[in-house]
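Input: structures, listed below.
Each of the next two complexes has subunit A plus one other chain: subunit B in the first, subunit C in the second.
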Partner chain A sequence: MVLLRDGMCPGLDEGLVRGLRAADIKTVEDLVSSDMEELAQRCSVSYKALFAIRRVLLAQHAAFPVSGADLYEELLSSTAILSTGNPSLDKLLDSGLYTGEITELSGGPGSGKSQVCFGVAVHISHQLKQNVIYVDTTGGLTAGRLLQMLQAETSNAEEQMEALQRIRVFRLFDVFSLLDCLYGLCGGGLQRASVGGGSVKAVIVDSVSAVIAPLLGGKQNEGMSLMSQVAGVLKTMAKDFNVAALPLLIKEEFDLKWWSRSKEEGGGAAAAASGKRKRDETDS
Partner chain B sequence: MTSQRRRREEEEVRAEMSESGAQLFARLEARRCLKDIEPRLFPGDGGPQHGEVVELYGSEGTGKTELLYHLLCRCVLPNAAGGLEADVVFVDTDYSLDMLRLVSIMESRLNAALSTSAASDEEACRSCLSRLLVVHCSSSSQLLLTLHFLENSFSSRPGLALLLIDSISAFYWPDRCEGGANLAKQEEKLSKCSELLGRLLRDYRITVFATCHAIRRSYSGPSSSSFSDPDRPYLCRAWQRLVIHRLLCSRQEAGNNMAATAGRRQVLTVHCTSSSSSGTKAHRSSSFYVTDGGVEFT
Partner chain C sequence: MQRPVSSFSLSPGVKVKLASAGFRVTADLLHLSPPQLSREAGLSQQEALEVLQAVRSDGGGGASMSALELLQKEGELKSIVTFSSHLDAALGGGVPVGKSTEICGTPGVGKTQLCLQLVVDVQVPQCFGGVEGQAIYIDTEGSFLLQRVVDVAAAAVRHCSLLVEDEEQRVAMTTFTVETILSNIFLVRCHDYVELLAELHLLPDFLTGHPKARLLVIDSVALPFRRFEDLSQRTRVLYGLAQQLAAIATRHLVAVVLTNQMTTRLRGNQSQLVPALGESWGHAPTIRLLLQWSGSQRLATVFKSPSHADATIQYQITSDGFRDSDQSACSQPGTSC
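After this line comes the complex of A and B, so read on.
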């Protein structure tokens, strides 16, 4: 919903905006959907001017169609495959994490999801020398554990510090700060977080269900809508900035009928919103 | 003096705005009829006629997007490879279009049909991809504006016969939240999109396939009777009025029909319900599984 404001495009001055508002045209969508001739008469403005304004606004706000061939060329040149550091995991993921895609890890509590993510973060920052953004919503990330994993890879203290510097951690505990953080990253934060010559290649969110589960259930719609928003911004980030996004979800089975019903709804929508999935089994 | 000049200017502009002969021809000339796009899915001898909407409904993992890739390839491939050489617009609302997967399906079909060298294969692939237009939308307002914008593409490209939307239900929850407690307000945006789509269908005679995610999982158990029918359409009335053919996609239960020859491939079923203008409904069920080369019907 984009409100009409004067100065949005050449020809749209304050007088015209007021005239349009009097004719009950408040947003760009209203203007584009209405009959141009009738509107030109009601607002006593020339048909040509109004048509030109409509064309400019449409070009500014509609999504632009791209040819499939161009899109494919762009994808070939910008997609990278990041190894996770674990060869059997790489095999499962068809050679690694693809940038531009969301890879979701879901599993019961204690099945190793966070450890996998630590491993991925350490591998990308140390071996691939690229930056990682780690969004921690559960408080489960400690620098000590990352250091321990790095010490297993190299004994050079300088390299360890360099690798740790490439992992940028955000600690948030509710969905609104999560959305704020993700939008901030999309709007220039990713470039600012690129340190030491590399660029951000992976965004890990541990975990999405911790911030969304409290909002699901009952008659509220907000939870589902916020979940769609989180999924949308993660996907946009993945596609536009060529990063691999890894949200973590907790998959639980409950006996209570009403709880499992809303969880199923939530699970369905979340699964529909994400791309590749990988189920964590405690014995794998 | 000025009013006369203004009137002349407006007449000039109107002459520009009204259609040129070529545009009128492009609009009225019959677009490629897609009745034969996939006869195995539709009952009788039917496929979607001009100006008809097909909805693919199902929960995640039931093959809806794969079916769209299958139909897309069928349209853009050259006649020699079993295609219809028609142009396609793909409206992607939830970033589910995987170009790499699409190209691998296209290449395997071209290989199977034409069996030419790798270089000309690339050329063939590129020419197929040039018949595809992809648009990404991130909200239902943007979807509305984009459909208006696409009207230009429809009028200038008479080869455009198919519009694929994946998926039309992507903005259901954000719209519901924005509309607050008022049901009419919740459905307003999608209703406007559906009405515009209806007008585009009448004016340009294209065919539309749209996927719709199920929001309730269907249970297979004794508790299923206490929940509402999971396959009941939940989108707004304006959209449901447009839908002529409804394909319900689901996973086939792993029963005793898992023959060793079929391997461990998941079989997916599609149940088609086509409502005709006389009010009668025709049904057809088919099943398929997904291979590296795309959808294979059993």
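After this line comes the complex of A and C, so read on.
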């Protein structure tokens, strides 16, 4: 989906780009998927030259296959398992949060999702001495509560301050700011946020539904694509930078009549992006 | 990584034109000038300029801070005292500034009374431990009674003048009178949800022009939404409303107080009183208070709070306002003993 520009590869000059544009070939995708012979005739270029350009572009833009064995090796050497600080939760999650994966927390109101996230953030920053990024979209984060939890782990004030410094907080309230933030993190923000020798090991988003839910359903058609983008960038961040991503969703009780009307609002699409799920059930 | 153009906050028409011209990722746009872009994508000059500005401003998500800096900032913010010491203790000092608090309860239990008390309490001078801010009261029910506010304000002034100990407090009392209290309350009357949403859209500009505002009361947020026919649209609107209120509370350092009504939920053969507007609304406010009757005693329960455990306290409504319940046996509720 990259636009064709002159100088992209040898043989692709201004004149050829203009000729291709006139033949309605604008992107690399268009060029690679069109018929070479017909195109060569229409743009009055030699078939060989066009074929060579196509091969170079494919080599530049295609993904390379990796063998399963190499992938396994890489996984063993780069994945870390982060304990959440709660032994029974660790047992449920198969010893903890895996970096390179998205773990989703969903639950009803007041069920304790934010509290679990505070606990995870405090544990990672204090015990594991690694950095955490906390994206707060609801205004529910109080540093006083984080301090309270730290005070239960250690009474040394300096350690508490150091642990608090390793937690980076972003406060934003709509989906475009969230996308700006996540893309910014992917584009170098994660390195900048690494403080005191450690690296960012977890990204917590509290909560993803708060910013996406206003856009789903009704006559709006952007909601689904923005939701998929958030999921995509979280997944890429998790894989490429070896962090554990932890988005929070809410759980709602649907009554069947309303659910069938709003079935196309894509309740399942967000879940498909996350590898592991954990539910907090409220009994009310 | 490549960022798609559709992830920016641009109008859908512009996005469609950019996509059909082949511009899918930001890398395609970065080296173009506005006239070039408007020619290639068929956009107007203004639109092309906006697109390039959006794509180039790589803010990285805006300001971030470490949790330590956040702790220091929170230390500077005071809470709004409610004049009921038990409730203040349960809330950790009072209604916190910068967060949204919901008060739900059955009719007549005292939600509006608590709101009127807060509207006076937010103006208590700082030397008395108050926040010394202005209040905005959005009234959707028509339950704002001026005479009651005068009574509560007069009681608060009397209370503070009894506490005066030094010169600074004496000077502060000259500006803390019933007239100044009333002049620092901004009252807005909204009749339906459209007016409420419009008011909230205009509020950020208003708050920028009134930096001393520290309290926003919406009494009640439930009434305009109870007559909605399309429930899924109502949920969407409420989610958007919740995010706007969270943004206002955080960016302008305002305590947002919302009043909610109660509704009945049927589970099999049993019915239960629950806060209105559905479970999805339950995620929106940060702190939730439930006011209810227990026999002839009024109780307040904190049932959602990120920093304090759930607690139930007793209170009473007197002619002076919202106060702690008298420990000495007082047979009639609502009278001051």
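The rule is short, and it goes like this: the second predicted complex is superposed on the first by the 270 of 284 C-alpha atoms of A that agree within 3 Å, B and C clash if a C-alpha of one lies under 4 Å from a C-alpha of the other, contacts with A are read in each partner's own complex, and residues count from 1 in each chain.
The working rule: contacts are C-beta pairs under 8 Å (C-beta built on N, C-alpha and C of every residue); 3 or more make two chains touch, one makes a residue touch a chain.
Model, not experiment: these values are computed from the prediction.
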- Does the subunit A-based superposition show subunit B and subunit C clashing or fitting? fit
- Item | subunit B versus subunit C as contact partner of A:32, first or second or both or neither | first
- Message: Per the contact definition in the header, classify A:75: touching subunit B only (first), subunit C only (second), both, or neither.
- Response: first
- Touch check for A:48: first (subunit B), second (subunit C), both, or neither? first
- Classify the contacts of A:2 with the two partner chains as first (subunit B alone), second (subunit C alone), both, or neither. both
- Task: Tell me which partner A:171 touches in the superposition: subunit B (first), subunit C (second), both or neither.
- Result: second
- Item | Inter-chain angle, subunit B to subunit C through the CA centre of subunit A, in degrees rounded to a multiple of 10 | 130
- Message: On the A-aligned overlay, A:65 touches which partner chain: subunit B = first, subunit C = second, or both, or neither?
- Response: first
- Partner chain in contact with A:225 - subunit B first, subunit C second, else both or neither: both
- A:236 contacts which: subunit B (first), subunit C (second), both, neither? both
- Touching A:151, do we find subunit B (first), subunit C (second), both, or neither? neither
- With both structures superposed, pick whichever of subunit B and subunit C touches the larger number of subunit A residues. C
- Look at the superposition and give the distance in whole angstrom between the closest pair of CA atoms, one from subunit B and one from subunit C. 7
- Contacts on subunit A seen with subunit B and repeated with subunit C across the two complexes: 1-2, 27, 221-222, 225-226, 229, 236, 261, 265
- Item | Touching residues on subunit A, where the partner in the complex is subunit C | 1-4, 26-27, 30, 108-110, 114-115, 118, 134, 137-148, 161, 164-174, 176-189, 193, 195, 207, 209-211, 213-218, 221-222, 225-226, 229, 233, 236, 240, 250, 252-253, 258, 261-262, 265, 284
- Note on the structure: In the complex, subunit A touches subunit B at residues 1-2, 27-29, 32-33, 46-48, 51, 58-59, 61-69, 71-72, 75, 79, 221-222, 224-229, 231-232, 235-236, 238-239, 257, 261, 264-265, 267-269, 271-273, 275
- Message: Please output the residues of subunit B touching subunit A within their complex, sorted ascending.
- Response: 6, 9-10, 13-14, 17, 59-61, 76, 89-90, 94-96, 99-100, 103, 126, 128-138, 141-142, 144-146, 148-150, 153, 170-171, 173-174, 176-178, 192, 196, 213-217, 223, 226-227
- Message: Which residues of subunit C touch subunit A once you look at their complex with the stated criterion?
- Response: 1, 3-4, 6-9, 12, 21-25, 27-28, 58-62, 64-68, 70-71, 73-74, 98-100, 231-233, 235-237, 239-240, 242-244, 246-247, 249-250, 274, 278-280, 282-284, 286, 288, 303-304, 306-307
